[in-house]
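Chain naming follows the written order as A, B, C and D, and within any one chain the residues start at number 1.
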Amino acid sequence: MLREFPLNKPGLHPFAELIGLHFTTIADGHSQCDLEVNGKLMNPHNVLHGGVVYSMADTGMGAALYSRLNEGEICATVEIKVAYFAAVSSGTLVCNTRVIHKSQAIAVMESEIENDGKLVAKAMGTYSIFKAKRE
Amino acid sequence: MLREFPLNKPGLHPFAELIGLHFTTIADGHSQCDLEVNGKLMNPHNVLHGGVVYSMADTGMGAALYSRLNEGEICATVEIKVAYFAAVSSGTLVCNTRVIHKSQAIAVMESEIENDGKLVAKAMGTYSIFKAKRE
Amino acid sequence: MLREFPLNKPGLHPFAELIGLHFTTIADGHSQCDLEVNGKLMNPHNVLHGGVVYSMADTGMGAALYSRLNEGEICATVEIKVAYFAAVSSGTLVCNTRVIHKSQAIAVMESEIENDGKLVAKAMGTYSIFKAKRE
Amino acid sequence: MLREFPLNKPGLHPFAELIGLHFTTIADGHSQCDLEVNGKLMNPHNVLHGGVVYSMADTGMGAALYSRLNEGEICATVEIKVAYFAAVSSGTLVCNTRVIHKSQAIAVMESEIENDGKLVAKAMGTYSIFKAKRE
């Protein structure tokens, strides 16, 4: 159940479109998204910019947590730490994220990012949960 | 002195171009870069994606550290933690970064990101320093 | 104003006593605590255990935040990241902490730890703020 | 194989003795240590001080990494982030740590801390690896 999560619909998530991120799973406190490495995402050393990997984790954490929120709740990133294990220069990135802790107001997620099956980064982050304002 | 840092030249830093990041200072262990918030950088809530803010910090840390490296040295991100203080929906972001510790093999930087003068995020990160391979 | 913060009174903060931590300032979103390095705090390499430095930051963050809480509010550590810049083997440690962001439910603090005037570690951490249960 | 790791011997690791930490496993990039919660480790709210949990992770990471070092190599903590999921007031803490990445100069470990079988904290940290100076 997605509860309005903008799963890949054109126009719904501009930044995801800009970097080519797509979701393949959002359910039960878990999410999976992927992305094809391409020339627009590179840094000056012709290596994938770390911000792309980070963005997969941040987006993936939001999605994983959304699948566990109650009606009328939204969430926001409080902080994320990401550690890099290897440079990426081509291929597919897959980011698996799961909720590892959730209380009423705080949730903690972790993401593992693989490049063609090899673990290249891991992230752990905190989100706050709050009631959406009625519009 | 930039020592080949790809300061804003078209084609040299594709991901910086993709998100609209430009440097205004790189010197003496300090860097400053800025970015105009625009619709392509938004998340589904019409708020700036956290990955953009993170990318400013990551890029800014590399630049700040480059200004302190010796001839023939390069660096890579080991890990970065970023904390968010406010949502951003428009205006200009400015990211100031400085080296707060540097040994032979490790450096630590911190970045403060302001949106129209208001502190909206802070990051602290670790880079490794190593000799570039002769080509 | 301390609002029941157990400033150095014997028996009030057992772990602070165990490691020899004392507060010298708690006010206006800032705290300062210090500690004399001694043999009981060492690791097998005869260097101060990193957990002691961390404990100064964690305790200092709680104290700095307490000075900004409203009546009936308490706080708890959500997460802390600490980075070490130098090994410590003797002398005095002083930890200065300040609140760098505070909303209704979340606060972010940073701590700088000096050993005889030299910066040896820096930490950034998140606390949650909530209403104390009536007893 | 412990390669000089001071496994629980009185006098070898003063801070571990001070807080009551004991190792039960150090092998193949994994370590396990435990600790009985007691009154000396409490904060003013009569809850275990977060520095104790952190110290288990930091000590456990060093031990897990030592089991993977080569002859003549030593390591030091670069940075650790710890996230707390529940307060601890009694019982036994068990900290399991494993190396999740290791290059020549850098290693990344993660630790999970359980209190009587319940996950109460998780940490991810970076260590540097270097040659020990000949004495």
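Note that in this section contacts are C-beta pairs under 8 Å (C-beta built on N, C-alpha and C of every residue); 3 or more make two chains touch, one makes a residue touch a chain.
Please read all numbers here as calculations on a predicted model, not as lab measurements.
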- Query: Taking contacts as defined above, which has more of them, A-D or A-C?
  - Reply: A-D
- Comparing which residue numbers subunit A and subunit B contribute to their contact, where sharing over half means same and under half means different, the two sides are same
- What is the distance in Å between the mean C-alpha positions of subunit A and subunit D? 29
- In angstrom, rounded to a whole number, how far apart do the mean CA points of subunit A and subunit B lie? 20
- Message: Using mean CA coordinates as chain centres, what's the gap between subunit A and subunit C in Å?
- Response: 32
- Message: Could you pull out the residues of subunit A that touch at least 2 other chains?
- Response: 78-79, 81, 83, 108, 126
- Indicate which of the five shapes (line, ring, star, complete, other) describes how the chains touch one another. complete
- Which part of subunit B faces subunit D closely enough to touch in the complex? 78-79, 81, 105-106, 108, 126, 128, 130
- Query: In the complex of these two chains, what residues of subunit B are touching subunit A?
  - Reply: 5-6, 12-16, 18-19, 39-45, 49-52, 54-55, 58-59, 62, 74, 76-84, 87
- Message: Give the list of subunit D residues in touch with subunit A in this complex.
- Response: 81, 83, 85, 100-101, 108, 110, 119, 122, 124, 126
